[in-house]
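Chain naming follows the written order as A, B, C and D, and within any one chain the residues start at number 1.
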Amino acid sequence: MKNAAVFRLAMAHPGDLSELERLIASGTVRPAEVAAVIGKTEGNGGVNDFTRGYFTQTLMGLLSKHLRRPAERLIREIPCVLSGGTEGVMSPHYIVLCIGEHEGVPAQGPALAIGTAFSEPVPPENVGRRAHIDSVADAVRKAVAAAGIERPDDVHFVQVKCPCVTVARAEAAIAAGRVPLTSDPNKSMAYARAAGALGVGLGLGEIKPDGFGDASFLSDFSIQSPRASISSGVEVESNEVIVLGNSPHWSGPLRIAHRPMGDALDIGAVVDVLSDLGIAAAPQVAVHDAARIAAVLVKCEPDRRGRIRGNRHTMLDDTDINAQRHVRGAVAGLVAGVIGDGRIFVSGGAEHQGPDGGGLIAVIASQEQGRA
Amino acid sequence: MKNAAVFRLAMAHPGDLSELERLIASGTVRPAEVAAVIGKTEGNGGVNDFTRGYFTQTLMGLLSKHLRRPAERLIREIPCVLSGGTEGVMSPHYIVLCIGEHEGVPAQGPALAIGTAFSEPVPPENVGRRAHIDSVADAVRKAVAAAGIERPDDVHFVQVKCPCVTVARAEAAIAAGRVPLTSDPNKSMAYARAAGALGVGLGLGEIKPDGFGDASFLSDFSIQSPRASISSGVEVESNEVIVLGNSPHWSGPLRIAHRPMGDALDIGAVVDVLSDLGIAAAPQVAVHDAARIAAVLVKCEPDRRGRIRGNRHTMLDDTDINAQRHVRGAVAGLVAGVIGDGRIFVSGGAEHQGPDGGGLIAVIASQEQGRA
Amino acid sequence: MKNAAVFRLAMAHPGDLSELERLIASGTVRPAEVAAVIGKTEGNGGVNDFTRGYFTQTLMGLLSKHLRRPAERLIREIPCVLSGGTEGVMSPHYIVLCIGEHEGVPAQGPALAIGTAFSEPVPPENVGRRAHIDSVADAVRKAVAAAGIERPDDVHFVQVKCPCVTVARAEAAIAAGRVPLTSDPNKSMAYARAAGALGVGLGLGEIKPDGFGDASFLSDFSIQSPRASISSGVEVESNEVIVLGNSPHWSGPLRIAHRPMGDALDIGAVVDVLSDLGIAAAPQVAVHDAARIAAVLVKCEPDRRGRIRGNRHTMLDDTDINAQRHVRGAVAGLVAGVIGDGRIFVSGGAEHQGPDGGGLIAVIASQEQGRA
Amino acid sequence: MKNAAVFRLAMAHPGDLSELERLIASGTVRPAEVAAVIGKTEGNGGVNDFTRGYFTQTLMGLLSKHLRRPAERLIREIPCVLSGGTEGVMSPHYIVLCIGEHEGVPAQGPALAIGTAFSEPVPPENVGRRAHIDSVADAVRKAVAAAGIERPDDVHFVQVKCPCVTVARAEAAIAAGRVPLTSDPNKSMAYARAAGALGVGLGLGEIKPDGFGDASFLSDFSIQSPRASISSGVEVESNEVIVLGNSPHWSGPLRIAHRPMGDALDIGAVVDVLSDLGIAAAPQVAVHDAARIAAVLVKCEPDRRGRIRGNRHTMLDDTDINAQRHVRGAVAGLVAGVIGDGRIFVSGGAEHQGPDGGGLIAVIASQEQGRA
């Protein structure tokens, strides 16, 4: 019987993995059981956010030392998905997802299940195109199978990290006679996230293969997956996939739920997803219940129509602060206020991920107070 | 019997007063009854935020045209307090506070009361010093008297706009042999806000004249006023004061309440202040109740100790985004989520204004659904 | 005989026209002779830069007062072209271009000539399209005729301010069934600048009407005008054109020259344009020669290929600072260093304006030391 | 006979040391000869710039692999001084300083000499105080001795990296009953840089031990060293010192010169320092001479009085872009324009380093065209 464990750890800076080191030293975490890491680092979340690469290098160096395997290999086996930008009340932290085997533990109903997969590298000219989408969908199917989740409804969160172009990569591709969709890195990140979202929808069967065309891409936002969370960055070349759901084949106290968010003010979705896990927020989660929460995962988006519930917002017109930084800070303020805790993963760029102008929220919590 | 009316109006840009123009044209607002304006403009909220001056120039030009009095005079009579920065979900808007006289209207219990006052100009070398505090306190007492509020407890919100130094003003003062506290404009804004807050506390009797010294200034944050909201900017030279409270001598459906906020996650304070006004938020204010809300006024602060409820935040260490922009975006996300509306006034820089690391919230609402 | 005068004036903030007020009060500037204003304000130079509107409102109010004509009329007659962003060593300032008539003054060879024109308003859906280009070209031809410049080679600088879409304007157009090129304001500004540049080239005969198509737009940057300087902003609805050149029909000590800049390191172009005007820079303009300089006008661009002379730059990959702010600061540092003065107009966004990755520089100076 | 070699290498991102790896692989660089590294990374140059830590971790990992010694040891022996911020035309790059022994090479007059030293760790409460200054001065003397430079005039550049406080470190110190000068990291970086500069002046004998007191610190900027270049960052705990000069005991084609810069427009200093090395710039260094240049090292500062040559600048009043980012971009634009190359090290924060409001420039070049 497989068993998922989730550790939410603080960092003093993007190269600080000392809390994980301590858990390994104490025997609480066994390095070979680390299946994936999801984290918020304190970069700007944009193309020139190197906190993600710094964290990843440090993590892989640490695991390499303990597992006595080269970091270059581990980085192709253990998805490490980081979202830069801890605007406002967010606290830099990372979530270590571990898969253990516990013989003799009786199943007690469905429990948190984890599956991961890597695609082949995506060449710059494919970023944001159909080939990219198909590549993500394949990896999602593999990860669902690896998690042993049988019913598609039991998948609650699919995190994908997609590669994008930089100016340099785009120039190299063009020099080689290939045509990227764009040479603008910020635009490429959006294309990559969109491809990832449609790939998740395709992989989970939410979206049909003929349900969208080139014209719907970054345009018809009614085509979306409320369980897809896509990051994009310069530091990866393959799609990295983490599937989280509930499965009767797994044991342990943890369970996951998710809800779409209708817009950046959708506090109801936050309260509802907590309620799905038996946690009340009236208006804030009580301290003893907060201790049951192992991870909060949110995607959001500055409404591209320039208004939220009829009122003009200024996120898209700001030359000083990137729109994604704006919306992450606002939505994190809302979610952290309900949870009473700034250790939440809020990531921007929710194209085709949940309702247009909104996004989604997933929460992992233990049934009773447990380790988290 | 005096009567307070509050109009919350949208703007397309900081020089757009067309909604007020329309209300004047239709006779809904009588220019002579405009007592004060409070607004959020879409600047950066810092020293080089000129959206405040732009709005003020436009407002005074508009009123000058209708009142046939010079704008230079009106600007010394009608407080126009703007806070720059509509980070995240906030929507640029302004609140027009009007005082009317309605003979024959019977008093129906306490109603919203408005009083205003201007101090003498504050010379650069006095900014942030005891003379500045005393100057604010005097103006607060005058405004309370003007509002006809008899019990100090009936004052719920005191908005003050304080002048600060710019590099140029500081240089001029130094050249004249006078010594400003600082030549750093960002620092001066903090000093000015602190002086304003202590001035409000002194004026309302919350803080005793001998209850603080130079050493407690910007240092002992247990000395604070939970009803003071201070802005600071380069565009004013005097302290401008707006006092809002409830008074049996005023009529009309509007009433005001306030609550201190313990920290940037204090969703409880938001729910409580609404409850004080008979409005439920479970978790969000219902649409028909939201229509009763005429103004939401919030002060907040990035916790200077670097942590919120034990978790590290990164607002103070960010070289790219000013810490006040960070916290405004986060707290506005929380408050707007509860209210269901981005037209909220959230201002940073809450030194000595409410609990350390937190701030305060005030809400004006009508008793039953009315004009707002 | 017409006579051009140029006044370069400092401002303390974007609403500060006190230096012009003083010159009017002293009789040095006659309000009716003000033909155009070009300035650098201390905003961010992006879509949400309201310092341009603030300055314009203040200028038109000032002239309205003196000319006793409504500001709404003057704004459609006197081009006021502002570029936001005084990054680095640039000093906020504005250049007042005046046209006087001086009977009996003998012509002394060619002198600075000024012509202006306004196009019809450009609807949002036309921004950046052929109709926009044609509209600019027509206005340029009118302004050249107004300046009385007969030889196209005697035109040295054409400043155009083009309207762009905001999210709100784009939404309104779409709601009305019209299709703007983009709803992204930053992108729209680039389209508008490109249309302006091609319009200038077309109007001056540098570019043939069939010399470009939709495919060359923002793509084939070999199609360019080395005399076009285009700004774009939300605060105008028509194209505003200022043509500067030398004409035998004008008198006075001022003369203008220009040079294309090959890239952001092209110090040679700066030295050469000064040399064209008889001013040495070895390495810096001497103080007595600097006093002859009346205006320095520069356009520049972050090289979209990501490299300058083979070395990678990071301007296009920066999520924190807009690329135009980066390049303005750098090129202004270079030009101000050669001139020895920070009162230079350096504007970004040089699409189709001078060589790809570079831009252009124009300088106005008096033949001998004179008023400037 | 010792021999200094300097390699100027490009990086694709802050964790990219592939060019050094290639030079090691080809035998051009021997890992044991690497004495120090100075570089510009593409972070923001502020407290939350983690590109410096990322680069350092990667460098030490690389050297550790080749030298078969732990990275934790190497980091205390090989100064790695990085300045974040490649604003404008600057290109991210690093300079590897190597010390070789070449027996039998005859001395040919003075050549570039390199010396390094590390101080003890500086506790947070000492940052920016006299103890910090003395600690730097001692390390400078050790590094001069290590370089074998006998005449103080032959020292041309002293690079020091000083630790500063973060909010977290300051809180820890306060909790332990110790009093840091400030808890504000940006302010702490300024204190640390000032301490470093006075320490260099003290160590080189430019400043007398009794030549300054607490009152002159960050106040009397006439006390300065025109050869001190100080960086500060969260990633170091000790002062790291690199001394560069010319010595008759060293051989090879490289030589170093320096000049103070009077202000941010001092192009004369740039031309003069090149002239000291026999390189003409009229106005730009010719391509064949540019190939002789091995390193360009600049310190600069936004004039704290708010004006440059009488004209107001806006760097200190900008809430959106840090003043150091502004000035680095401007001065780099000037220097890169003269050199014709963006691979220059321009670092802000020049308190007590060169003239007030200016800074300094040092250049390393080979006598004839050589390896660089």
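Before moving on, here are some points about what is shown:
Just so it is clear, a contact is a pair of C-beta atoms (placed from the backbone, for glycine too) under 8 Å apart; a residue touches a chain by one contact, two chains touch by 3 or more.
Remember, predicted model here, so these are calculated numbers, not experimental data.
Taking the mean of C-alpha positions as each chain's centre, the chain lying farthest from the centre of subunit B is D.
The chain pair B-D and the chain pair B-C differ in C-beta contact count, and the higher one is B-D. Averaging Cα coordinates per chain places subunit B and subunit C 40 Å apart.
Taking the mean of the C-alpha atoms as each chain's centre, subunit B and subunit D sit 46 Å apart.
In subunit B, the residues that reach two or more other chains under the touch definition are 12, 42, 44, 48, 168, 312, 314, 317-318, 320, 325.
By the touch criterion stated above, subunit B contacts subunit C in their complex at residues 12-15, 42-43, 48, 50-51, 53-54, 57-58, 61, 168, 234, 320.
Residues 44-49, 166-168, 171, 183-186, 304-307, 312, 314, 316-320, 322, 325 of subunit B are the ones touching subunit D in the complex. Here subunit B touches subunit A in the complex through residues 10, 12, 42, 44, 86-93, 264-268, 270-271, 281-284, 308-309, 311-315, 317-318, 320-321, 325-327, 329-334, 336-338, 340-343, going by the rule given at the top.
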